[in-house]
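The two complexes that follow have chain A in common; it is paired with chain B in the first and with chain C in the second.
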Partner chain A sequence: MTYANVLESGRFHFRHAWFNLREQFSDIPTALAANALIPFFVWILSNVWQRFNSHQGNFTFEQVIVYIGITELLFMTFVRAPSVSRASGDFSISLARPRSWLVISFSGLVGRSIGGRIFMLCLLICVFPILGTDLAEISKAVLRLLILLPWLGIIQGLFALFFSVAQVLWHQTNYFLLPFGKIFLVLGGVWGPIADFSEPWRKWLLILPPSDIFFQPAYFCVKGNFYGISVFEWFLRTSFLILVLTVINIYFFKMAKTRHQSYGG
Partner chain B sequence: MKTLRLIQLALKYHWDAHKSNPANLIAGVLGMVVNNIIVLWGLWAMLFDGKPDGQALTIYFLSLNAMITIAWGSICYFIGGVRSLGEYIEEGTLEPMLATPRNPLVLVGISQSITPALGDILQGLCNLVALFFLAPADMVFRCILFTFSSGVAFLGLFILTGSIPFFVRRGNALAQLLLECNLSLSFYPTGKIFTDKGRFLLFLTPAAVTGVLPMQAIENGHWSTAFIAVVGAMCFFGFSILIFNLGLKKYQTSSYVSARA
Partner chain C sequence: MISSLNAKNIIKTFGSGDKAFNAVNDLSFELFPGESVAFLGPNGAGKSTTIKILCGILSPTYGNAEINGFKVGSLEANKQLGLVFGTRSQLFMHMTVFQCLDLIAEIYFLTGTEKKVRIFELAELFEINSLLEKRVRTLSLGQRMRCEVVAALVHKPKILLADEPTIGLDIIAKNSLRELIQRWRIEEKSTLLLTSHDLSDVEVLCDRCILIDHGIKKYDGKLSALKGNLAELRRIQITVADGSIPTFSKENLIHSLDKEEFIHRYEVKTSKFAISEALSQLSKHYGDNLQDIKISEVSLEEVLAQRYQDRS
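== the complex of A and B ==
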């Protein structure tokens, strides 16, 4: 593969990701309806936190509203069944194309993830003041989140890609999506900051990957630093996660290519 | 009697269908059990473990979870079609059910059985077993009793939200939103969160009869609270049927064939 080919391929995948990102804004009423419950969840979970965890003094109520808003944003655009089905649906056709299905699917998933997150961020910017957060707090958190979004998009894309590859391999993975999502929801501190969990849970949860992709980014957005680790350490941990996911995806993709059976016609 | 026989036959038919694909059945049920256990543990670890009054709150949360999962799961498994009532109205699937002498709501109910709901029931039963060791026996008994009350209220909620498309064009999306909102208000320990105005507003939502009032009756064991919870659930169920019948009278169906096409 020449340098020109790599450049052309890179340009193609960037444009593909950009197209998928813009697609998230193509039907705003539907997207609004799909995300209509987010403010409700932010409100109810903030109140749950205030009743049971506010006495610990790690956060103020305004900070928790922003924290839960951001974790909800990250979680609701994490591994979604329609994205997985869409990516795996193209597999048979892609065998007749010159480009790698794995990379096309990945760029599409990253684009959709970042687009969806930007859309939800716009929604939350409108909702946060209604819930009682002041503008200075919101603007700082939003700027910090925008810095992290591309990196988090890669991680999210790799997770979703894993499920797409698995769907190509085993045809039916829907039932695994629900518990998988819930594991990340609970262990990632989406409902409330892991910092407020009692020991030994807090210690264990902080070691696991879900905290690196939900709790730590949201904590960073609210406080300006990661919880108990440096920026470099977080970057190192997530880089390792990306490496592991990449290897798993390539391995399963090779298996899927040899075992896939296409139906229809 | 004939209706009961019909429900029994439908259940047998659905069970045979589920059994024919064991992998799907096991994955669906186990997936839901794992999902419920994670959620239960997560909320407990986040909110109650190591907190002041943690023991009492744990019992409260276990009872609430047992009641909601069994009530919700039973409706979804035994008469799961009511969850799709709104979809049936929008798509025109309801029309063939109106052309028989049977009650359309019964036909809607038995038209589906949601497999993963078995996982909900299983989870709720495990919670009840745990409660036998942690809570006084009379509280466990009340929990079993008020599961029926919550079940009736959930059935009413499915019918009420499912009837929205009678009155609002493409109302099924709105119905699902309201259902999700109410499930969250019932499932989270909202009875312990909101006070004063917040609590008053909570009592204006269906979550009052699906979760908050029955839970209050389970917790304090007063006859008056129990009476309010049961009567509230029955009135809500009756109101839902009334709204459904009202909607049915003004129902203008789309063609089932064209909607499917």
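== the complex of A and C ==
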């Protein structure tokens, strides 16, 4: 593969991600209806958390609202069934096309993830002031989140790709999406900041990947730094996660291509 | 002449051990540039498996296939291939037709002016200019299918594989799509391989037909020749005013098929007995009681139904 080919391929996949990102904004009434309850969730979860933890927490009530809003945003756009079905459904047809399914699905999933997150962010920007959050607090958090979004998009893209390849390989893995999501919901600090959990739970949860993709980014958006680790450490940890997921995805993709031969495509 | 598509001794085996079976069994054929070929067979004949092998979705267990000299499934072969599936959309429902075509063109490495020129050229040919800025979800099925065909042709493929392209369309949309595909064939001199259970598609679009069953090629030749002896058969249906009139018979020449109260049906082998003579004799037999005459050929549906029946 020449340098020009790599450049062309990179340009195409960037455009493909951009296409998928724009697609998230192509049916605004439906997207608004789908996300209509999010502000309510943010409000109720923030109030519940504050009611029970105000005496021991690291966050003010305003910060809790922003934190819950951001974790909800990250979670509600994490490994969504429609994206996984679309990617796995395209498997056969893309073998007849001159681009790799693995890369094209990945760029599509990243674009869709970032697009969905930007859409929800726009919604939350309107909702936060109504819930009583200061504009300065909101703008700082939004800017920090925008910095992290592409990187988080890559991680979420790889997780979604994993489920898409698994779906091609074993057909019925979409049933695992829900429990998988719930595990990440519980372990990732989506309901409340892990920083406020008691020991030994806090210690254990901070080691696990869900905290790196939900809790730590949301904490960074609110506080401007990661909890208990430096920016470099978080980057290193997530890079390792990306590497592992990439290797698994490539391996499973190769398996899927072979196995696909035995049932007629 | 270099063939557009060359399939040599393709075998595809599914399963292993005692359960192994050949879905495609030593299938060979060639398509030449500009040809329009129907690929027919009953359900489970191995059509879809063969099509999947030809587009690189499946690899043959034995044998090989080439598209314009490139091994199927290779990058170069995939670039030469256009695919239309009547049951599967390659457009993105929430985007405009132009945005979809633009992206699909880029999948096939078309960029810049070349891409735009091609999209507008096909939009003109398939009469979708007014649809380009519409979102796919707002199109009717007929409009969407025209856009699907354009999406399959945007990269100027040498071969178009069309699988049931008119499925679900009403008669007007069907006719219009067939006419547009025909126009494209003539204009770009490309090869068409069509699979369809709607034989009117086949009769309008194809000159040649490959018939397979149990993965084996049963017929490869002109569509008109597929009817064999049945091509010379004509059916005459006569409506009579008086239900009590007996049927007419002229041994081995005009054969009475069946009789309802006011409708009598006959078969005539035109190679043995001129249709004009048959009509003259029938009109003499019925006299003033003859109300209406209808003459028809044996349809392709009947021919295939006959062949499919023989199989079971």
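Quick note on the criterion: the second predicted complex is superposed on the first by the 259 of 265 C-alpha atoms of A that agree within 3 Å, B and C clash if a C-alpha of one lies under 4 Å from a C-alpha of the other, contacts with A are read in each partner's own complex, and residues count from 1 in each chain.
What we mean here is this: contacts are C-beta pairs under 8 Å (C-beta built on N, C-alpha and C of every residue); 3 or more make two chains touch, one makes a residue touch a chain.
Just so we're clear, the structure is a prediction, and the values are computed from it rather than from any experiment.
**Student:** Using the touch definition from the top, say if A:Ile183 reaches chain B (first), chain C (second), both or neither.
**Tutor:** A:Ile183 sits against chain B, while chain C stays out of touch.
**Student:** Among the partners chain B and chain C, which is in contact with a greater number of residues of chain A?
**Tutor:** Looking at chain A, the partner in contact with more of its residues is B.
**Student:** Quick check on the superposed pair: does A:Asp134 touch chain B, chain C, both, or neither? Answer first, second, both or neither.
**Tutor:** neither
**Student:** Which partner does A:Glu233 reach: the first (chain B), the second (chain C), both, or neither?
**Tutor:** A:Glu233: touches no partner chain.
**Student:** Both chain B and chain C contact which residues of chain A?
**Tutor:** No residue of chain A touches both chain B and chain C.
**Student:** Show me the residue ranges of chain B that touch chain A in the complex, using the header's touch definition.
**Tutor:** For chain B paired with chain A, touching residues are 24, 27-28, 31-32, 34-35, 38-39, 41-43, 45-51, 116, 173, 177, 180-181, 184-185, 188-190, 192-194, 198.
**Student:** Chain B touches which residues of chain A in the complex?
**Tutor:** Within the complex, chain A touches chain B at residues 33, 36-37, 40-41, 44-45, 47-48, 50-53, 172, 175-176, 178-179, 182-183, 185-187, 191-192, 196-199, 201.
**Student:** Which bits of chain C are touching chain A when the two form their complex?
**Tutor:** Where chain C meets chain A, its residues are 14-15, 23, 48-49, 52, 55-59, 73, 75, 78-79, 81, 83, 85, 88, 90, 92, 94-95, 99, 103, 106-109, 135, 137.
**Student:** So in the complex, which bits of chain A are touching chain C?
**Tutor:** 8, 12, 15-16, 19, 22-23, 26-27, 92-93, 95-99, 104, 260-265
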